[in-house]
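Paired with chain B in one complex and with chain C in the other, chain A is shared by the two complexes that follow.
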Partner chain A sequence: MFAFIVRRIVNLIPTFVLATLVAWIVIEIAPGDFATQFAFDQVDPNKAERIRSVLGLDRPWYVRYLFWLRNLVVEGDLGTSLTSKGSVTALIVPRMTNSLVLLLPATILTYLIAIPIGVYSALRKYSLGDRVLTVFSLIGLAVPNFFLALIFLALSVQWFQANGWFLVPTGGMTSTDYSDLTSFRQLTDVAWHMIVPLIVVVTSSLAFTTRIMRGEMLEILGQDYIRTARAKGLSERVVNYKHALRNAIIVIISTIGGILPGLISGAGTVEFVTGWPGITPLFIRSIFAQDVYVIMALLTILTLLLMIGNLISDLALALIDPRIRY
Partner chain B sequence: MHRIVVHLFVLASLTLAVSALAQSYQWPAEYAPTLKQGGTIQETTFGDIGTLNPYLTSSANETAIFNGVAGPSIVLRDWAGTRSFKKADGSFNLYWGKEIEEVVPEQEFIITVREGWKWSDGVEMTTDDVLATYTIVGDPEVESNDFSCSVVDEEPVEVEILGKYQYRVRLAKPQVNAISQNECVTTNGLMPAHIFMPVYEAQGAEGIKTMWGVDADPSEIISGGPYMITEFRPGERLVLEANPSYGEFVQAADGSPIPGPDRWVVTVTEDQNQELSRVVTGQASFYWPTTLDQVRALREAVDGGTISGTLNANIGPDTLVDFITYNFNNTDPCKQAMFRSPTFKSAISIMIDRNALVQAALGGLGFPAKDWNNASAAPFDAPNLDPFDFDPEQGVAMIRSLGFTELDADGVLMNPETGCRVEFDLQFNSGNERRGQEALVTSQTLAPYGVKINPREVSFEIWVNSIVGDLDFDETGARTVDYDAQIWGLAGGDVDNPNFDNGLRINSNLNSWNKSKSDVEAWEILMDRLTVKMADTLDLQERVAVYNERAALMREYLPMTPLISPAFHIYTDLSGLWPLEALDANSIESPYRPGGFREHLASP
Partner chain C sequence: MTRTNPDVTEGAPTRQETGKSLFSIAWKQFLKHPLARASLFILGFLYLLAAFADFFAPYPENFLNAYATFQPPNKIRYRDQDNRWVGPYIYQMTKSIDMQTFEEIWTVDESRRYPIKFFVRREGVRERYVPFPVNLIPIGLRHKLGIKPWATLHLFGVDDPSDRTKLYLWGSDDVGSDVFSKILFGARVSLTIGIVAALVSIAIGMIMGGIAGYFGGWIDELIMRFVEVLAAIPDLFLLIALSATFYPLNLPSSALFTLIVIVLSTVGWGGIARTVRGQVLSLKERDFTAAAKAIGSSNGRIIVRHLLPNTLSYVIVVLSLIVPSFILVESVLSFFGLGIQPPATSWGLMLSTAQAFAGVTGLTERWWIYTPGIFIFTSVLTWNLLGDGLRDAFDPRSRQ
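For the complex of A and B:
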């Protein structure tokens, strides 16, 4: 096992370099650069060229990539944002933290709800409960996050206009008087603001995980060794939860690799519509502005976390599934 | 105990005495007659705040906010009056400036500033701050957005310190409203020299770039304006509180200290629905809606009593004007001949129903355009031009006069001798629904008359390359993008001299119709000369006359075919706003500047 871990960690190095190189090339392939947006300056026609020169954007792409890689590896420096001219790290860390604050409870909640629902649906296949949950799951899958968030936004506004007070906030992560609140009130304030984005995120991911869990349980329950277990006279509880669930959950564990980067990669459009100050808006804006160092910083961190997540996932599988040995 | 009281009394007396020594400024009654003190103002800003350094930002939103924090300007633009830095009698509208001697008209000034004005840390503002600002802004490595202000014709603006409160500014050559050059460098942020210069001298431009980033402690940020930054939550909120020392040297007309409100909360939004939801639930003190849906939602909220402010819709045109330009360098000889023909362009122009464009693209909240500037740029709004006619029959007759006398099998006008058809693509930048509607309605309006226009949505990059670049175009090949025609627009140009030097001159970067240096018509040469003449004409009335002459020339030859302007609207629940007649899209673009209304707003 130890040799496996060392081997995997060593393998991460070329994978990481290759991943960042490909990401850099993809960004470079996009037409134009950061300075292009200044081409329309009516007062200063040379602005775009001057910015291009000052920022070194007129150098070959591979030279800039090598500089960036050297700074990252040697100094741990993610670079300087072309837009804000400040440290990329200072720019992204608070926003990633905000995304984590939303997505960690959302992820935990998703698994806490989805796994029992998936098991229930599988054990009571085609029952009324299964059909109702299936319908809700399909709605959760079909309705885009941003649309669900917009509905909540509209309801929040309607409620305020009808009653003069907010049932749930129209957006944001904290109230304007947040810094004047006690620690406990700050906690409840964030929780209150989290209600809508949490419901939206959980609803969409719940559907997917529930369907996976249900399908996997159904497949396992049809296996010969489950029939054997029943033939041995084991109770239904033991058959379902010790033999079937333990095997069915392997597929969920194999997705852990994607959870780690998913926790900080933002909640997508939900963050836009609910005003949650996560990483997604910064990422999207950086793409539009072609702020290459912010984009690369995010991709780098996500790549790293994905690789670590996959390693953890593999190790967890070995612990759960006795057939897997490294 | 008695001693302490005496000491405190002496200290307070000294403070009052120092304050009294400050050469304060009192706003004229039309700007700030009285100010209600206290309270909180809330606003939303679209897009995140990427830096807390007023001197580095290139974002208009950030600049607007940070102008309440950066140091004062020398003079004010009188938006409620002359719209200039000068009064009607020719004297300057002084602010921090105490006296300005115009040594060489519109080229050299000796500026004396008021004494006793202080940064929020108690250090006095002096000409050291002016010199620091010029030095740092003028270093291109700093990447200040105001760098272009520190040079004239690529020559740096010369600054000479004559004393603690006096300095000389000299430009390379006289230019229109020359004091604005000084304003441009200092207004966007007179820098506290005692904070910035030690860093600049030790670490150069890189040191400046590391200052006051988003991870800075707000308490370390020095303010020279009416507000101080007290809290920043990335991606979420910026909180400003009144700078108590500011009111010591700047007061409203009734003598009350400025600013009136204690607190100003700026909430960051990244989504228009999110922003609107805040406004219609009373979480924003003012807001500029831009679409019909936004205006409608606000009207419902106001009429329903949910929010208590006033919505003033359709006050006038926004600074933006959309127009069509045609590619004179098109490689298709048929199209090139059409696009270079003034008759053809005039025909297309009068076949466009601009009122229909306003209805379709703006839901009726807009104005037909007659020039590339509009009323918000007055007096540079071409009063000598009539609105465009809408006369498609006349337009068809004009096209037929060019030899396009027959309809082909597709119902498109064609020239039987050359085989050329009246068909071209009309491109617009992807995602711009307004321009998409303009292209679509234009296409649908002209189709029954045998003019085939194909609306074409293109990527931002193609759209940009159709306008800029190609400065080394040599006639033998195609341009970077061999486009036919495209819709684009301009907004927010120079209010003193909208000569549009880098667009209307031959082979300039924003001249999107003809990139050739040699294959130009006589009218293009004349337009080029009038543009240069505008820049050299120092007298306002004469400059307006040159503008009008050029506007008439452009109407005849139509290098740009003006289409429409969106309307400008404002909602606010605050008092202290300018009179409605003084509000227009140009003045409101500077709401936070001294001379704008951030200082003057009273709390709700």
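For the complex of A and C:
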């Protein structure tokens, strides 16, 4: 097992380095660079060139990439943001935290709701309840996240116009008087702001997870060993929960590694629409400003998260499924 | 099969049952799926609207009207004040601003009726268009061949000699464009980009997967490592970064369309290649491959004629399931301002208008700017249902 983990991690390194290289090349292909926006400065026509040489943007792209990689590996330094002039790490960490504050409850809620619903649907296949839930999950899959978030915001304004107070806020993560509040009120304030993004994120991931869970459960219930279990007189409860559910849950565990990056992507548009100060709004802003190091840092961290996530789900599978041994 | 009396021989044996191909079985199964059939119908309708958008839309794609921003939909009336049938007509709407609250107030001017006519011709240079099958031919080639099939016919339009009154069936947006017309033109981008990108991804995925699986060795290693690297970068962020490579270039919309297709298929082909490779790995051990080799077929021929066709049922199902995801992704990119650019439009881009004014107005005022979302929803839902139907149709275990 230990040897397997080491081998997997060693195997990840070249993929990781190549992924950062691909990301770097993609960013390089974009026309212009950070200094381009100063190219038409009326007062100082050489401003763009000067900025370029100060920031080292005039060197070839592979030299800059190698410097960036060296700093990352040797010093754990993700570079300096070109727009905010501060360290990229200091810029990113609060954003990551904000995203996690939204995504952790979303993940937990998704599983808490999706697994029972999926099992219920599978056990009562084609019942009224199953049909209603299937329709809901089809709808959840087809509604774009950002559209749902937009509708919620518009409804929130509607409520305000009708009643004079906000049922849910129209965006952001905290109220304007956040710093004056007691720490308990601060907590409830964030929770209040989280309602809309949380509902939207959970809705879409719920639809997806429920469908997987239902499909897998149905597949397993059709297996021979389930018939055997029934034939030898086990109670329906034992058959369903001990024989079927335990096997069906494996597929959920194998997707658990992709859940976090998946949710970050899924929540991305929601953060953007509701003004939640998470990763995606920062990423979009940096893309428009061509702030290379912030873009690279986010891509790197997310890539790392995805790889670690996949590793974890492989290991979790090995732990849970006795048939898998490394 | 109900056979009444097995003892009676019914004349000559009518044995016309030939072997059924996988696809004819699948098609029969597919037609038994009511939701999939309905989806096929709805999608057909949507694609028809998109194809003949110029004809169905009362106004051209780049139509602007500074006098009527966020005008509510015109109410279509059929009877005059005395309740007599006069055919469909609208009243002009005028905007005024409430000086106390600075709210826009639209009032209906009932002094004059503007009838709605069907099959109207608009001869203006800006309003003529190239009808559907011809507009697929690139402009350069059209000029070379000397085809100039300008059309001027529209399904309906408001009859106003002064051309001041506009018919806004579903209201107008922030620049006074007709939301209804824009939705039809946006359908062209939103609905076709998914299919084209899916076809390109599948072509790349099949070829790469076929090569990797058939040849094995270092080629396999190289291709699969590349797939792994692309899969390691989270999709949304890779897509955004890729789109950022062309958004500042100010390209014509056809070039943007091609670039978005390239971006989507760059991200999309990996998963397909992986599965096709797995299938080819097992297919190449089968007897028919050995037979093809024995009669001296080239490697390329074996891959293209013998191995890849066997993965087709998988590929068709994948096609119908990645089209909706690409439709969603395109809408997200356009929504972020990284996809299609004005004056061309797509549903995602239209919703970014709603985003710009979100948190300012409630849902009931200006509800019409949210309509593109309903179209995204409908097309994704129907594509998903179509895909489910196809998957069931090709799955031998779920046959009825």
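What to note about this one:
Note that in this section the second predicted complex is superposed on the first by the 314 of 326 C-alpha atoms of A that agree within 3 Å, B and C clash if a C-alpha of one lies under 4 Å from a C-alpha of the other, contacts with A are read in each partner's own complex, and residues count from 1 in each chain.
Definition applied: a residue touches a chain if its C-beta (ideal position, glycine included) is under 8 Å from a C-beta of that chain, and two chains touch if they have at least 3 such contacts.
Not measured: the values here are computed from a predicted model.
When both complexes are superposed on chain A, chain B and chain C clash.
By the touch criterion defined above, A:L138 lies against chain C but remains apart from chain B after alignment on the C-alpha atoms of chain A.
Judged by the touch definition given at the top, the superposed model places A:P197 against neither chain B nor chain C.
Using the contact criterion defined above for the overlaid structures, shared-chain residue A:Q161 touches chain B and also reaches chain C. By the touch criterion stated above, A:L150 is placed in contact with chain B and with chain C alike. Once chain A of one complex is fitted onto chain A of the other, the partner contacts of A:A23 are limited to chain C, with no touch recorded for chain B.
Contact with chain B, but none with chain C, is seen for A:T83 once the two complexes are overlaid on the shared chain.
In the superposition on chain A, A:S179 makes contact with chain B only, while chain C stays out of contact range.
In the superposition on chain A, contact of A:G257 is made with neither chain B nor chain C.
In the overlay built on the shared chain, the residue A:T303 is in contact with chain C alone; chain B does not reach it. In the superposition on chain A, chain A positions 31-32, 150, 153, 156-157, 160-161, 170-171, 272-273 are in contact with chain B in one complex as well as with chain C in the other.
On chain A, the positions that touch chain B within their shared complex are 31-32, 36, 39-48, 50-51, 54-55, 80-81, 83-87, 90-91, 94-95, 98, 150, 153, 156-157, 160-161, 166, 170-174, 176, 178-179, 271-275, 277-278, 281-282, 285. Here chain C touches chain A in the complex through residues 225, 228-230, 232-238, 240-242, 244-246, 248-249, 324, 328, 331-332, 335-336, 338, 348, 351, 354-355, 358-364, 370, 373, 376-378, 380-381, 384-385, going by the rule given at the top. Across the complex, chain A is touched by residues 40, 42, 47-48, 50-51, 53, 56, 58, 140-141, 143, 147-148, 209-210, 213-215, 231, 233-237, 239, 265, 267-271, 273-274, 277-278, 280-281, 283, 301, 304, 306, 459-461, 464, 467-469, 490, 493-494, 500-503, 508-510 of chain B. Residues 14-16, 18-19, 22-23, 26-27, 29-32, 138-139, 141-144, 146-147, 150-151, 153-158, 160-161, 170-171, 261, 264-265, 268-269, 272-273, 280, 283-284, 287-288, 290, 295, 298-299, 302-303, 306-307 of chain A are the ones touching chain C in the complex.
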